[in-house]
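Listed next: structures, encoded as structure tokens.
What follows is chain A paired twice: with chain B in the first complex and chain C in the second.
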Partner chain A sequence: MKITDEALVKLYGDMWLIRLFEQRAADLFATGQLPGFIHLGIGQEAFMAGTYHSLKPGDSVGTSHREHGLLLLLGIEPKSLMAELYGKETGCCKGKGGSMHACLPKNGALGCNGILGSAQTIINGYGFAHHVRNDGHIAVTIFGDGAANRGDVHEGMNLASVLNLPVVFIIVDNGYGISMSSKDSSVVPDLSARAAGYGIPGITVDGNDVLAVIEATGEAFKRAREGGGPSVVEFKTYRHRGHFEGDPTPYRSKDEVAAWMAKDPIPRLEKILLERHILSEDQMQAIKAEKVAIVDEAQKFAEDSPYPTGPESYADVYYHYEGSE
Partner chain B sequence: MREITVAQAINEALAEEMALNEEVFVFGEDVGDFGGCFGVTAGLKAKYPKRVMDTPISETGIMGLAAGGAYMGLKMVPEIMFSDFLGVAMDYLLNQVTKSRYMAGMQEEGKVCGLVLRVPAGAGIAAAAQHSQCVEALLMNIPGLKIAIPSTPADYKGLLKYAIRGHDPVVFFEHKLLYGVKGPVSEEEQLIPFASADVKREGTDVTIVATQMMVHKALAAAKEAEKEGISVEVVDPRSLKPLDTRTIIESVKKTGRLLLVNEAPEFGNALTEVGLQVAERALDALKKPPIRVCGPNRPIPFAPVLEKQWLVNEKDILAGIKKVMA
Partner chain C sequence: MIGIIANPSSGKDIRRLVAQGTVFDNMEKVNILQRIMAVIHSAGLRDVYMMPDAFSMSERVRNNLKKSLKIHVPIKKLDMICMNDQTDSVRAAKLLQQMGATAIITLGGDGTNRAVAKSCQKVPLIPLSTGTNNVFPKMIEGTMAGMAAVVVERDRDKRFVKMNRRKKLNIYKNHQLIDLALVDAAITNDRFVGARALYEVEALCELAVTTAKPDCLGMSAIAGSILPVGETDDYGLYLKVGKGGELKTWVPMAPGMMQCVTFESYRKIEENERFMIKTKEGMVALDGEREVPFNPEDRIDIALSLEGPYVVDINETLRHASQGGFFIEKDGQGLTKSKAYSFYMK
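Up next, the complex of A and B:
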């Protein structure tokens, strides 16, 4: 699949936006400014930027709790997402969702599901709506090696296959489900092998290679869009941070971390950009500086925003409630 | 007025709403050509072959399909074959359809949820402890959910049509023993909103609040009580959430006595909410403490002779009436 120089530059900027936003979130969490808990996708930017590259406006995309970055690419304003992390009124969910449930449904950014596995059946409803409305769009669900073992994922994949829905199941094997190695939670080395059980295609690729991500998602999305039905795409990647911020990660070795740091997706893309003379070092620095400014602005906006007031807590429970109790 | 069964009333409601809105979808296990385990969806697939779908045995898969479709604005009307199976699909009621819109802050109404889940419930067909329960109490404590629980053919039709026109998730309880029960149903369109309790029989001495099969048993017991000079009013809430407390409290203010009759086990029963609402709002009107006549706190046995003993009957209700009158 031919990727233009312009697209490569966009991917580079997208990956830096994600990393810088996430690094800022880590700093803010560490200093006690963000409530709750937060799961960061630092190190996994390539699969997010590459997957976004293959999507079209109008597609429906459900993420896991580690993909704030993909939400940014799908059109949640950095200011609005940062405010949501703070629990502010100006957040994309008015401060009622938080890190794990940030979303923007009108953009097809469905957000994450706090119950692992459930999103992989719910995605079929989105795919079904695209199918019956014949709108040419697809539904994509992203989940981890941990969630992949939930029974609901089996029912979701089987039903998607039986109904031939335009759904793509993206499994992100980042090595661990909290502390349990994905090598221990399944004896199958490549979780995409499960696709065979549903009679649908499955492929495993290097999730830190943005070009490989684009090739795999491009093919799977095209198939779904053209009526070819669901498929499974698995990315092998690694989270640089712990499961959540504050996780001391006693379950992984320094050697393992170092080996994966050497496969950091951003320097890998920088190497391509330099080799192909698409961007100079200075130009790359300028792109990064531009993203830092966006994150600065997002933080300031969030800090300056008010916390939600009481009435917001009562809104959105029902569309219409007939009772008085 | 013509008389039709509860099953026919539900079938008519589904067919009429499917005719009105081409984005209404009916699906579940064996609901297609087979017509549903209890025959309720018979003939619908012939009329709407693409909008009535058989699914694999996948209660969580069914609920996921329903939730996602509903978020996209489709009207999803799934069936879970027995209400007991809600245990398998509970996450979708507890954490999904009742939470996602709230957590999203609605966002320009991008997350409505028009989902009506039909669930056959109730004992009396020797189906043993995993195919006989009335589980409405399990769902009472979930903000965001609505619970419809009708007892007559006209109520089934009017409430189901209303539910499908709405934009909130509803669990619609159908009692298996009522499917064959006939009653008058207008040929004119009638929508029955939630939180509109119906006084099924007027009386002055005792208020019975009952649901589904127990409405019919309470009416039979009320007739017997009348022979002994006790005037019983029977109120059917028709929806438990939202609950029409006003009609119930008006009735209790008239009678001064409250009897709660429900098929499910007594402990933690859904109607205890009715009792407490009355106590909170109309304690002065009560001449006696409210009494419950509910199922025993044990699983439903298979053997028909034991199942019959397990079920609340007219005699139990009559004894309850006399107790609250004493």
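Up next, the complex of A and C:
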């Protein structure tokens, strides 16, 4: 696999931006400054940064509820996303999408559907559009091991295969669907095996190895762009935090958490960068400091921004048909 | 005692995307294990240990056989912590050797057997392929593997068991022995391990093989397209790959994927010959998977050893067992009694 040193440095920065943004969100939620629920992707940065690396502007990407990080990389400004988490009117959805539904459709960041598992049929619409336009773009849908067991996912995979759509199904198996272990919710440990039932390829990759992610998504996306049809790529990873902030995670053992912490994707990339003499320790610290400053700025912007008030509070919430009152 | 190491991760690598490889689902591995265990059970053998895994294959085998054949197969799990990676196979093989296993049945690919061979030099292997790019393990019906395991377990005098010792390539980084390959060590210009599986011939610079087979896929097939080398020949092959060469061959690199390879030179590698690779920076891929990165300041040496793992020749073992009357029914006792065996074991 070929990847430039510059690209690796960018990946490293991207992964730190995601982690620092999420860690800040965790702190803000803990102190009651963020409303609602948030689900954080700390520990899953490699699959987000690696997947983004293989995308092209114009591709359509449906995320799940744990991919703030991928939304940042797809072009939602950190200030805009942080304001969205706060529910402020300067947020990317004017504060009405929040953590769960933050999106930026003009950049192909479709956001998350409220019903997990249903987006895998909807993504076929985007895939079909790219197919009809013959624009060389693809549609990617990201969902977890829990959603993978829902019926719509299988309907979506089947239709994508029947129509040979440029759709890539990315399954993020982070070990648990809320508190249900993926070992207990599926009879196949590698969910990519489901692809065989729809006559499409499926592979399972170490989702904490950003370079493995890049190679896997690179080949799957290339295949879809070139008319090869859909495929399933499964990433094995782990969320360092609970399902939601505040989840005490009684369902997982200390040993299990420790084993996965040892597979933390950021130190793994740092080891490669040092071994290959691409970055020094000082340079890595400088990159991290740069991302801290971005997150500081995002937090300040969000704090200083107003909440939507008056009629604006209700705008864009319900669709008004022509002639309706 | 018979040991079983089934790798739950084999059969799902990137070659399913870039070539015409098929997914080898773990339920199929369980099915193969059921056939193996049913045979072992029918021969009256009860002492079987299996590597634990996240998919709990041993429990599934036990439960499925209880439901389908109404038999209780007391398959035991090795007492080890499961890390869900290649090191599980290494530790399981070491344990089985320490516990005195007479044979280890492996389900996986070249990589699985490489992991087993790292820690187990004495116990003969019965390797079954659960993938498409494999050279070391055989694609053979599980029932036959179970029968071979029964013969190995019963035939303590080794009258019928036919096995051979395979070769291996020892890999040295800066004069330290760090790894081994059972079939091939490929030097590529890749800088990163990535998704591990090697499938692009453009990345290949040098290649050392223990076995060169034109009737297989991947690295061994590259060497096999020039000069076939058998599993028991006492030499290997080294090839310098590069655009500057004149010799070109067509090689099946992956399922359904033929690629043209250009060679600068090739030569035999003799027993215990140790040589330094020429490539300055890149990756050593072992048995088809990128494993060992190296920089310009590193030195990589490869040495051919004839002292690799012992492998049971399933076909020959069953043939000799048959010729020796191993399978003849005696006194209506059937396979569940050991009388017939004990008669012939005298």
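Note that the second predicted complex is superposed on the first by the 315 of 325 C-alpha atoms of A that agree within 3 Å, B and C clash if a C-alpha of one lies under 4 Å from a C-alpha of the other, contacts with A are read in each partner's own complex, and residues count from 1 in each chain.
Rule of thumb we're sticking to: contacts are C-beta pairs under 8 Å (C-beta built on N, C-alpha and C of every residue); 3 or more make two chains touch, one makes a residue touch a chain.
Fair warning: this is a prediction, and the values are worked out from it, not measured in the lab.
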Return fit or clash for chain B versus chain C, each positioned on chain A through the superposition.
fit
With both complexes superposed on chain A, which partner does A:212 reach: first (chain B), second (chain C), both or neither?
second
Once chain A of both complexes is superposed, is A:246 in touch with chain B (first), chain C (second), both, or neither?
neither
Chain B versus chain C as contact partner of A:199, first or second or both or neither
neither
Angle at chain A, chain B to chain C, CA centres, as a multiple of 10°?
120
Partner chain(s) touched by A:58 [first = chain B, second = chain C, both, neither]:
neither
Using the superposition on chain A described above, determine whether A:267 touches chain B (first), chain C (second), both, or neither.
neither
Once the structures are superposed on A, label A:259 by its partner contacts, choosing first (chain B), second (chain C), both or neither.
second
Touching partner for A:227 - first (chain B), second (chain C), both, neither:
neither
In this superposition, which partner touches a larger number of chain A residues, chain B or chain C?
B
After superposition on the shared chain, which partner residues are touched by A:35: those of chain B (first), chain C (second), both, or neither?
neither
Would you give the minimum C-alpha distance from chain B to chain C, in Å, for the three-chain superposition?
25
Do chain B and chain C land on any of the same chain A residues, and which?
none
Residues of chain A defined as touching chain C within the complex
1, 3, 183, 187-190, 192-193, 195-196, 201-205, 209, 211-212, 214-216, 219-220, 223, 231, 233, 259, 272, 275-277
Listed in rising order, the residues of chain B that touch chain A in the complex are 23, 25, 50, 53, 55-56, 58, 60-61, 63-74, 76, 91-92, 95-96, 100-108, 110-113, 143-144, 146, 166-168, 193-196, 239, 241-246, 277
Show which residues of chain C lie in contact with chain A when the two form their complex.
8-9, 12-14, 16-18, 21-23, 25-27, 54-56, 83, 190-196, 293, 295
With touch defined as at the start, can you tell me which chain A residues reach chain B in the complex?
60, 91-98, 101, 103-106, 110-111, 113-115, 118, 120-129, 132, 139, 151-152, 155-156, 158-159, 162-163, 312, 315-325
